[in-house]
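After this come two complexes, each holding chain A, first together with chain B and then together with chain C.
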Partner chain A sequence: MKKKILVIDDDLNIRDYLVSLFNDNGYDAYVAGDVKEGFNVAKKNKPDLITLDIELPGEWGPRFYRQLSQDPELKNIPVIVISGLSGHQYAVVNAVASFTKPFDRDELLKIVKETLI
Partner chain B sequence: MGFDMFKKILFATSATGASDHAARVAFNIARSYQSHLNIFHVMGIPSRGYSQVVVDVKTKEHVDVDEDYLAWVTEDIKTYYEKYLDESLDYSIDVAVGLPAREILRQAKNLKPDLILLGGSTGDEDESVYKKSSVGSTLQKVAKSANCPVLVVNRPAASFWGGLSNIVFGTDFSKTSDKAFDFAIKVAKALDCELSVFHALDITALHAGKMLSQDEIEQQIRESLRKIRARYEPRLKELKGYSMDVWEGIPFIEIVKYARDKHADLLIMAHHSRRAVSEDIRLGGNVEQVIVRAGCPVISINK
Partner chain C sequence: MSKQILIIDSNKDHAEALKTYIERQQYEVIIAITFDEAWHQLAYLSWDIILADPFLSEDMAACLDSAKKKNPLVQIIIFAQKDKLDAAMDFFESSAIHYLEIPVNSKALDLALIAACKNISLNIKINKYSETLSDLHKAQDLLNKLFEEVPCYISVQDRNFRITASNKLFKQHFGNQIGEFCFEIYKHRTSQCNDCPVAETFEDGKSHSTEEIVTSKFGKQYNVLTRTAPIRNEKGEITQVMEMSTNITEIRQLQDHLVSLGLMLGSMSHGVKGMLTALDGGIYQLETGLSKKDDDRVFKASGQIKQTADKIKKMVLEILFYAKSRELHYKEVNVADLVENVVSTIRSIAKKNKIKLDISIPNNLGKIEVDVNWMEATLVNLLENAVDASVYDRDKKNHCVKFHVSKTSDNQIHFIIKDNGIGMDLETKNKMFTLFFTSKGSQGTGLGLFIAHRVIKYHGGTVDVESEQGKGSQFNIYLPSQKPENLKIDEFPRVIL
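Up next is the complex of A and B:
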């Protein structure tokens, strides 16, 4: 069965890019544009990995991570931070990795692959 | 939102990249709580005595300060923060010349803010003018002497602020800590936050030379927890949620770890002003260490 990745980002271009990147590499991708939607999609689809933007409309990415880590069903889902903000590397403490936009797709895919073994 | 604890905020900034993460928090707080934000910039240090020639903090050039130059700097700051400034934000900009800590404290004395907000010591180059010309850091001096709570955002990671819901209060059971607790509980109550009271049992300094057994450590943890209960719990019960914990270790490390574990948005601690200002913030006291390392903004209260 294909592994599922949830992309949380409010930038449509990034979202489309990541979705096609993940689809082309054999993953199922879901999308959400903010923290609330992200949480609902995560609850419904139980993704195997989440990519998370930091600056989102309304609540920010670290808040999403807090909610996620407090949910017994979702707390172990690995999170990769992908953000354009400087200094975001440690904004989500238990993230698997952090990427700054623009990022190296091969590097991202490598980490996704390693994480989803 | 009717919240009058941060009605007036003094945001001391270099208006350079070094203050960017503090700026993110400053503008976010001002907007969330409809505060008046005074953007205050100490633009340079007189190069000789009371000379009007100063070393500009941003450009590091020697400049003559006159009305025109001050107006130009004010305009420059406005441009720097353009993306944050709009009609809905109540703000003012002031520029001063002198030693940063002294000028910030002077401005605080005049303005009587509810909160002073400072960027951290990032050690990058645009701070070098400050560093060269003052003993110790601006941050330490302001935190030590200010008459109001001082909020510091040091690491960029501490600046991803999405509002307040979890506050951690670190106590050492001192009188100043009790003051800091009063402040913490007021904020927690006004903003409907959960408050976690934490004490770090210092197993390094107190018992130097003697290794405590785990039974002894856990006995002391129990005693500290009883102390927290007796001292703080009656008032904690007024909040929607609270917790009380004691961990053993190196205090500043444990506090930073605890705040991370609790996903804290804000850490509140007492600053012990009776202690001397140390030359280097990295060798400073426990609070300084927490300020430097925390993954969220830290408010220190000294009196």
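Up next is the complex of A and C:
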């Protein structure tokens, strides 16, 4: 069964990009544009990995991570931060990896693959 | 050094007798018996005292006169027979200091010589004094010139902060206000400023410096760097303080500009990164679409790339606008032409987002004097915002952006830009024209409305906004049709944060 990745980003074009990238490499992808939607989609689909933007409309990415880690069902899902903000690696301390936009596509896929073994 | 005396006398024996007598009193004496001899001695040597028989020759008077001119210090003593003395006096008047009768009375001669010596030393003193005085004048003139021409504002103040002297530049920018209070002239205040460096210098006699913002008599504000120095009287007490202010307005403006530019680049780098990522995404979709021969994907990719390129272009233009505060280039154009360009741009954006447009452009709008590029960009920006506000609104089904232009008087054009989108809350409404404020998250730069507002303001126009959250917003822009005459600034000032 294909592994599931949830992409949380407020930029439609970037969401499309990540979804295509993941689909092309054999993953199923779900999307969310903000924290609330992200949490709902995570609850519903139980993804194996989440990519998280930091600056989001309304509540920001770290808030999502805190909610996630307090949920017994979701707290073990690995998170990869992909953000344009510098210094974001400190925002989500337990993230598997942090990428700064614009990110290196191959590097991201490598980390995703390693994480989802 | 002993005084040198020339005796001019045709009677050689008489002359010799005088010489013998005078030499005893430590004078150096030479005798001239003929006019030629006398002329020669007077022409080539300088004498302290001349003892002369004026009737040696007819030219004697002229000869003595020129000697006096050559050396104004020379003292002339005349001796003559009793019957000729009057004539001699008429002739020489006060240019001789003494008139002696022949035979010369030795006491009278002594007194005459002593008087001559006194005169000489007095004259020398006077000469010295006047030389010193003229040197002093020259020095004072020079100092005064320096004081006047120093390229700073200089004022001298007494203990009450009244200005007692000021230099040229100060007078030029702040007026000739001797006797007025410093704080009044510099800052239009009615009481002493806090942390006044002049007061501190009166207190401790040291030089102090501060940075101040002062207002000239024309109402212009300058940043100045101020330094003070005490002025003391003979007893060493500080009676006045000199304040020297250097105008550093331009440096400060440049600094402010750089700071805000840095701030802007910092705040926008996030947006730029997002756009670059989206561009990467577009390229990826295009490449994979082509290799998979997936037309849908290629089509979608080209749309994304175009959209992102537009965004980057817009942002770069905004940055360029901001980085380069340029002058407005006014041109007279038909309002209809100006508006037509704006409408054609916004029509495509509205169509893409499925927003209806309600446009009203009557025929009677006439001409308007504006900077076409900036005014078009401004109107497009406001209309784009109206479209965005509609797109963001998911509560209503049908959205319409209204763009109505009308002539409200001979010299005013009214633009209405109205949408029924999400509207604004109070905070957004209050902050919308603020630099770097955006309600669009990473999609906005916080520059658009800031610049639009400035463009309108510097055209002498006004903009007011009505907005209700959930209902929509209406922008009313009023522009004068002529370039405003009395508008102080026709250049975009650099932002001071």
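Going forward, the second predicted complex is superposed on the first by the 117 of 117 C-alpha atoms of A that agree within 3 Å, B and C clash if a C-alpha of one lies under 4 Å from a C-alpha of the other, contacts with A are read in each partner's own complex, and residues count from 1 in each chain.
Methods note: contacts are C-beta pairs under 8 Å (C-beta built on N, C-alpha and C of every residue); 3 or more make two chains touch, one makes a residue touch a chain.
Since we're looking at a predicted model, the values are computed, not measured.
S.K.: Would you mind checking whether chain B and chain C clash or fit side by side on chain A after the superposition?
M.R.: Because the two structures are overlaid on the shared chain, the partners are seen to clash.
S.K.: Looking at the overlay, what does A:Val93 touch: chain B (first), chain C (second), both, or neither?
M.R.: It touches chain B, and chain C stays clear.
S.K.: In the superposed arrangement, which partner chain does A:Tyr17 touch: chain B (first), chain C (second), both, or neither?
M.R.: Second partner only.
S.K.: Mind working out whether A:Pro102 is in touch with chain B, chain C, both or neither, as first, second, both or neither?
M.R.: Only chain C is touched by A:Pro102; chain B is not.
S.K.: For A:Pro62, is the partner it touches chain B (first), chain C (second), both, or none of the two (neither)?
M.R.: first
S.K.: Of the partners chain B and chain C, which touch A:Asp71 in the superposed model: first, second, both, neither?
M.R.: neither
S.K.: Of the partners chain B and chain C, which touch A:Gly84 in the superposed model: first, second, both, neither?
M.R.: Once the two structures are laid over each other on A, A:Gly84 reaches chain C alone.
S.K.: Of the residues on chain A, which ones does chain B touch that chain C also touches?
M.R.: Comparing the two interfaces on chain A, one with chain B and one with chain C, the shared residues are 85-86.
S.K.: Within the complex, which stretch of chain B touches chain A?
M.R.: By the definition above, chain B touches chain A via 20-21, 155-157, 159-163, 166, 260, 263, 295.
S.K.: Which of the residues in chain C come into contact with chain A in the complex?
M.R.: Residues 269-274, 276-282, 284-285, 288, 297, 300, 304, 307-308, 441-443 of chain C touch chain A in their complex.
S.K.: Write out the stretch or stretches of chain A touching chain B in their complex.
M.R.: 54, 59-63, 65-66, 69, 85-91, 93
S.K.: For chain A, which residues are in contact with chain C within the complex?
M.R.: Where chain A meets chain C, its residues are 10-11, 13-14, 16-18, 20-21, 24, 55-57, 84-86, 100-103, 105.
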